[in-house]
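Below you will find the structure I want to go over with you.
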Amino acid sequence: MKTLSAQEIFEKLKGKFGDGVVSLQTESVNPPFAVVPPGSIQEVCRFLKEDPDLLFDYLVCISGVDHKDKFAVAYHVYSTEHRHRIGVKAMLPHDNPVIPTVDVVWKAAIYLERETYDLMGIVFEGSCDPNRILLPDDWEGHPLRKDYIYPEQYHGIKI
Amino acid sequence: MGLREYISDISEAVVTIAKGMRITWKYGVDPKEETTIFYPEERMVMPERTRGFLFNDVARCIVCNMCVKQCPIDCITLESIKGADKKNVLTSYKIDMGRCMHCGLCVEICPPKSLVHTDGYEGSSHTREELIVEFVEDDLATIKARIAAHAAELAKAAKAAEAAGKAPAAPANPAGGEKK
Amino acid sequence: MSQGPAKRKPIKSNIFDVVPAPAEIPQNVLQKNFERVRACKGGEGIIEVGIADLFINWCRKNSLWYLYYATACCGIELMQGGASKYDFDRFGAVFRATPRQADMLMTAGTITHKMAERVQRIYAQMPEPKYVIAIGACTITGGPFYKDSYSVVKGVDLILPKVDVYVPGCPPRPEAWIEGIRNLQNLIMKTKNYGLKKA
Amino acid sequence: MTEPISKEALRTDEWTINMGPHHPSTHGVLRLELTTDGEIVSKARPSLGYLHRGLEKIGERVAWAQFMPFTDRLDYLAGMNCNCAYAWAVEKLAGIEIPERAEWIRVLVCELNRISSHLVAWGSFCADMGAFTPLLYGIREREWVNDLFEMVCGQRLTYNYARIGGVSHDLPPGFLEKTKEFCDYFEPLIDEYNRLITYNKILVHRLKNIGVISARDAIEWGLSGPNLRGSGFAYDIRRAEPYSVYPKLDFNVVVGHADRGTLGDCFDRYLVRIDEMRESVKIVRQVIDRIPDGPVMAKVPRVFKPPAGECYFRAESPRGETGFYLISDGGTNAYRLKIRTGSYMAMNIFEKISKGVMISDIVALIGSFDIILPETDR
């Protein structure tokens, strides 16, 4: 067991991917985020999971965040072996939020991604189960977006 | 599965069930283990902090609107008019008990502590409207008349003070209703 | 240190005292309000009930089997009320797992729009006569989710044809449920079964 | 003697049946779409969302402190744990130090709530398995904890006890003695539960070797709490990422140890809960002995505005990890509030492990995960 700090983890990522990893976001953020471009999220996650010094085998949480002009997808990962953790963040454009899925890396991502798609409307490309999960299938809109307008009624029942 | 295993399985099942039934019987027949509270005939004495239905003592309420702002679900509505001595006077204070979630945030923030939780919990009704409780008992005309009377009283006191050349001593505000 | 279960004192009142109820139960805020609202409305009409009706009503009121229908927080109070400390069985209210054997639907817990159609179906599956008690803030008005939630039905009376008794609280104490059941029993005793024109 | 009929010859057409959303053994409004071949389930697909109440959206619309009552409704069996987890998360975000006594009180109520939550889990699990009596006994003891909580905060189920910066009330006089009395009363009862039902032959046969999850799978699929520990992996956030005063306390992380059957089956998960109650009693006793005096509320401004920032806090609740991902933009309410719960992740693996079991084992599986629907749906 060798716990690494966020900076060391970031250095390792930088060493592997070079410019593929954009920056480390540490200011008033706990745990710190490594910001990566959406296209390389799968490779970064696979490296995080499989590198013997990192071994991030436990995907804690995937959250979508609506920053009004863009979307962010935040992945929190944890290593049960080394007991360190870090966040990975990808920024997506607001008009077409699409990101490759990570359920090929961690199976835990299946439901977390489904939920993010359902409530935030972020599409996970290549997901094995790209359906709504919490809301009914014929629900319109994605409620956690900041510009969501509550519908007047659903199936004739007033909301 | 051999016969020996079969028999031992059955005997183990019988023994473990007998053990469990012994405990069940112990609780079943021992009068000391009776736990039921026969509710309509017996009642539990509620602790001090019980968060039952809300009650607002309108005589003490200072119409600060804090409870309305604090309530996460807007179940309190109040209306007020300007009183004679620039203080607001309640004309209506409604709590929708059918919506209240008894979180106690409004009680915590109430400055004069006029809004309290009672220990009442029974209040089933037949309609939804009955659950909206109005705490101000007088109607608007009565309150307005009372304010007018109070204003007249104030004016009279001011005149008397002017005549005596002293600072006016304001009488107590009766507009909020009598104290109980 | 630890004393065995054999030496225990009776556990009827673990923490609080249990006292016999006073002859006149003190009226709380809500009950005073009911009188006022009823006075404004002109009160309820007196229904004369015949002997046959009395017998039928007596049978019905003492066998109010309820559906074990629990969606959210109130469902735990339903379990606790059905268990030994409060014991709904004393009023003939026994839980049933299927709507086809139930007389009474206690909507214990939040009902969302996704669930609404299922509740209507459950209600339709129950045999007549059937009664509905709306338990807790969520099913009376939407409760905690009234203001900001996009997926909660704001009151079970929007989706069911009638609700007989509303029991406020979040969740109501089991005693309040018992009071609600007794309220429903009183309502049943006033029902006129014969001499009514079929609609 | 005739030849035994092969399984292939018994194969029939596949059926699709709905289990739930109103079903007495699904612990709420879970709906399962079962594809069955006779009695054998070939696929069980959970359909969630029948209790989706939009708590995350509410969290963005109400003020920080006003979200506290909603966390009670997040996991109604363990309201105190959710209360405290949310309070800890906001305090971590805003960098508030809370008084020592408040920390101890929070740990005390959290552990009491863990006991009462596991009691219902145990009771309803046994009721699903056909033994109704344990449910009555579990709830009998739970009533005692409820009464204790009513003494502290005035409600039986939806406590709203923790506040940002401490707890709402100090402990009432006589509370610690009553709690001690409860511990003395409760500890021998755990052995009695074991005698009553745990090693009952029928229960053991219904649970062992059903729904086996290896530790590797459990981590891969994101299980947490007793469900993960049942697979024999000692991972407890109270130990792995200690928060509050847990580092000062002495308790063991309970893991499954293949008492009957295979490691990681339903019986192991069941036994982990039973043993965890024992550990919780141990913690409660330590807290009673060591709780310091002092204030219970730190100074927090009435209009609370944490600085802009992001924070992920996780706490160990009875159903696994309760995580709050909070984003503040410096305003009076959260910019984004994401809740990660243990039950939701338990439903994730359900489809995988329910392949090839009998329909009646599905009930055992749901019960052994101890899911609670407001947590899966939020």
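Chains: A, B, C and D, in written order; residue numbering restarts at 1 for each.
Just so we're on the same page, a residue touches a chain if its C-beta (ideal position, glycine included) is under 8 Å from a C-beta of that chain, and two chains touch if they have at least 3 such contacts.
Keep in mind that this is a model prediction, so the values were computed, not measured.
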Please list the single chain whose C-alpha centre lies closest to the global protein C-alpha centre. D
Using the average of all C-alpha atoms in each chain as its centre, how far is it in Å between subunit A and subunit B? 44
Counting only Cα atoms for the centres, state how far subunit C is from subunit D in Å. 28
Subunit A and subunit D: spacing of chain centres that average the CA atoms, whole Å: 25
Residues of subunit D touching at least two other chains: 49, 52, 54, 57, 62, 69-70, 140, 143, 150-151, 158, 192
What positions in subunit A touch 2 or more of the other chains? 135-136, 143
Would you give the residues of subunit C that are in contact with at least 2 other chains, written as numbers and ranges? 8, 11, 15-16, 84-85, 114, 144-145, 147-148, 150-151, 170, 173
Can you tell me, using the touch rule above, whether these chains form a line, ring, star, complete graph or other shape? other
Applying the document's contact rule, which stretches of subunit D touch subunit C when the two form their complex? 21-22, 24, 28-29, 49-54, 57-58, 61-62, 69-70, 72-73, 76-77, 120, 124, 135-136, 139-140, 142-144, 146-148, 150-151, 156-158, 178, 182-185, 187-189, 192, 373-374
Residues on subunit A engaged by subunit C in the complex (per definition of touch): 135-136, 143, 148, 150-151, 154-155, 157-159
In the complex, subunit D residues that touch subunit A: 48-49, 52, 54, 56-57, 60, 92-93, 219-222, 233, 235, 240-241, 307-312, 314, 321, 323, 325, 327, 335-336, 338, 340, 344-345, 347-349, 352, 377-378
Can you list the subunit D residues touching subunit B in their complex? 62-63, 65-70, 133, 137, 140, 143, 150-155, 158, 160, 168-169, 172, 192, 195-197, 199-202, 302
Contact set on subunit A toward subunit D in their complex: 27-31, 33, 57-61, 63, 65-66, 74, 76, 80, 83, 87, 106-108, 110-112, 115, 119, 132-136, 143-144
